[in-house]
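Next come two complexes built around chain A: one with chain B, the other with chain C.
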Partner chain A sequence: MDLNTDELDALRELVNIGVGKAAGILSEMTGSRIELSIPVIHLIRGDQYTEIEAVLGEEQYAAVRLGFEGAFTGTAFSIFPANSADILIAAITGDEPDHSGSLAHFHSIHAETLMEVGNILINGVMGSITNILGTRLIYTLPSYSEEPVARLIQEAGSDQRENIIVAQTRMFIHNLNIEGKILLIMGGRSLDILVRKIQEARD
Partner chain B sequence: MTTVLIIDDSSFQRTIIRKTLKNEGFVCIEASNGRVGLHLIEDERPDIIIVDLLMPDMDGTEFLTAIREKEIAIPVIVLTSDIQDATRENCIRLGASSFLNKPARADELIPAIRLLLHPGE
Partner chain C sequence: MSIAEFIRPLNQFVDLLPVGVCIIDDEKKVRLWNRTIAGWSGRSTEEMVGEHLDRIYPHLDAPRYRYRIEQVLDGGPPAVFSSQLNAPFIPCPLPDGGMRLQHTSVIRQDRTDGVLAIIIIEDITELGHEIVRARSMRDQALGEVEERKKVEKALLFTNRKLNLLSGITRHDILNEVTVLLGNATFLDELLPDGTDEKKYLNTILRSTKRIQDQITFTSDYEGLGGEEPGWFDIRDVALKAFSLIGSDTITLDVQEGCFQVFADPMLEKVFFSLFENALRHGGGVTTITIRYHICEDESVISVTDDGAGIAENFRERLFERGFGRNTGLGLFLSKEILEITSISIEEAGREGEGARFLIHVPNDKVRREKQS
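Presenting the complex of A and B:
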């Protein structure tokens, strides 16, 4: 499906509110001010999902994945480049950052820490959206992996890749120099329902 | 001495909560899912229960349902990342005494526990 300008604008605003909530939580956890970029919405045909590499590159991300179903169905990711993941974990656990630019040294404690942070962030985004729309989602257990974004999307399930909406926003944590992104992957029918619910909430 | 049962599959979260509570003099026991939590209730008889929602084996919603069926009258605080209004309403309907969001904050969690231990004070 295609979204018109008004629909894209409404979707962008909804994601913006959700990311604002998530940023507030992250600010509380790290004790730092968060700068947000305006969310960029990409609509990509499922069979052309590798186009996402042109948007997000081929680098490995530390990624937390949370599936959701209910009024609409999809998968949300909270992703951090290796350096940012390293600094973020250090800021929360009090450990020294590794600064290797690699995820290879991550162990289970790091992964679990990042999974909890990512889970809280995604819940901040999705929960804000559902509260505004007056609906509810049921979440799957969160999972953690280290992969390029195209691989993450590939694994999100072909039923969700009929059409892919990538709501990409950048959170920049000032004094820690951390960059993170939230990605929202939804299939065509779910996107249709989401847009309809946005219109209902607006009318 | 007040004993608090912490049920969360994340050891990271349990550690944060435990540290917060120990600073206030509470005794903590821990479970990684609702099923283990139910066994600990029978063995240890905690005064307060803190439970996460998304967990493997027995999740927080199933746990709330189970203790309601068993007519266990220990106050339960749900502590979750889920900020949805509908989730909060569902938990309260299932018998949760309080509903808080992660990350756990001492200035929310401690007053919530004290209020449940000493209602009306």
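Presenting the complex of A and C:
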């Protein structure tokens, strides 16, 4: 299915509220002012791999994954390109950035830290969507991995891979520009329900 | 299932787990406190159950914790608290006075009579220590590399100075040797044959020529190890060295295909020296054949000719400095050039069947494909 401009706007508004909450929490946790830009939203069909790679690239991402099930079912990812993950970790832990453009030097504590940042972002967005829509979901525990986006999408259930909502945002810490994205992967029926619930909430 | 029905059977089970488990209700009252967290925190289960968690641990009332715990209790996704961005969720002192590093997950659990948050605390102190140790080892290694680079730079600088000094000295000595040889040659022409004076003069001429050869050799030897080793294609190197010999009587047959070795840039001199020996002392060499042999432990380059071969009693001393019919320095220098990158050379032919030089190359210094 396709989303019209109004529906995309409504979705962006919900994601923006969630991202704003996440920015507030992250600022308080790090003691630094963290701002997150208004997200840009794309809807991509899961079988359009060319478009996915055009928007997301073929590079390795540091990814935090959270499955959800209920009124609508799917998987949420918070993903950071290697360079951004490196700068982000350096900015919030005080470690030296590696600048290698790869995630090879990341160790478990880095992964754990990124998992928390990703978790805060996803929770902000999912919390905002479920609160406004007045619906409750069941979630898996968040997990962390380093993979290209195409593989992350493949790992989501085949029934979910029909639609990918890509919310692209930028995080600013100490004037550093860090790129992060939130992916919501869900089947046609789930997207249908989400859109209907958004419309109901607006009416 | 009610909260009580849910917690009752859990009590014994969670005491067996190696992670800290605490369950709170929507008023943040502790409903379960397992043995592991009791041991770590120094607060017993009896002491904690029924208490408000944020009254015992007031830092959990700060918005950064409170908001996220309440978000979970309100139906939000599980929350994770990392060791880098948070103080320990439940402070657990270690015997050395430090605090246990913790990774904490908070998960919602719906019951018929209320909502619970299950707090799971993993001890990652050892992991943290390992990373600190690994980081310290890395820093130490980087420091040593930096120190080594400084020493290498200083050595290079000193080496350049010494080369400059020896170059000037060599030039001056060779000038004097040329004058000496010139005058001795003039004198040789003036002296009648068969006299004692002529005999002594010839000894002086031979010695002076040897001095000239040895001084010239020091110029070649000085270049050894002066440049970084690199990858060289044996076929290219051999063909170039052969072209410098300029022989019309010998044919060179080099195996086709890529065979690269990691060697000193003076590798060409090795092949030049082998070809020159074949031409000068080979005893009618018409063909020189170069082949590559890949074995399990090493690779071998064979350089074979169809001349008279090397006498058995010569073979042992062939690569010694000063041994041989000319300057006696070519094969010595070849051996030294190859040794820089752990390559060795031997003569393994039979007298009367031609010379056969075998160059032994460790397999990690061989490449069969060209790389940019």
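By definition in this document, the second predicted complex is superposed on the first by the 183 of 203 C-alpha atoms of A that agree within 3 Å, B and C clash if a C-alpha of one lies under 4 Å from a C-alpha of the other, contacts with A are read in each partner's own complex, and residues count from 1 in each chain.
In this text, a residue touches a chain if its C-beta (ideal position, glycine included) is under 8 Å from a C-beta of that chain, and two chains touch if they have at least 3 such contacts.
Values in this document were obtained by computation on a predicted structure and should not be read as measured data.
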Combined model on chain A where chain B meets chain C, clash or fit: clash
Which of chain B and chain C A:Asn123 touches, first, second, both or neither: both
Contacts of A:Thr113 with chain B and chain C, given as first, second, both or neither: both
First, second, both or neither for A:Thr169, with chain B first and chain C second: neither
Touching partner for A:Thr30 - first (chain B), second (chain C), both, neither: second
Partner chain(s) touched by A:Phe68 [first = chain B, second = chain C, both, neither]: second
Chain A positions touched by chain B in one structure and by chain C in the second: 25, 28-29, 109, 112-113, 115-116, 119-120, 122-123, 127, 130-131, 136-137, 139-142
Of chain C, residues touching chain A in the complex: 63-64, 67-68, 71, 74-86, 103, 105, 107, 124, 127-128, 131, 134
Chain A to chain C touching residues, read off their complex: 25, 28-30, 66, 68, 92-93, 107-109, 112-113, 115-117, 119-120, 122-123, 126-127, 130-131, 136-137, 139-142
For the chain B and chain A complex, residues of the former touching the latter: 10-13, 54-56, 80-87, 102-103, 105
Residue ranges of chain A in contact with chain B within the complex: 21, 25, 28-29, 109, 112-113, 115-116, 119-120, 122-124, 127-128, 130-131, 135-137, 139-142
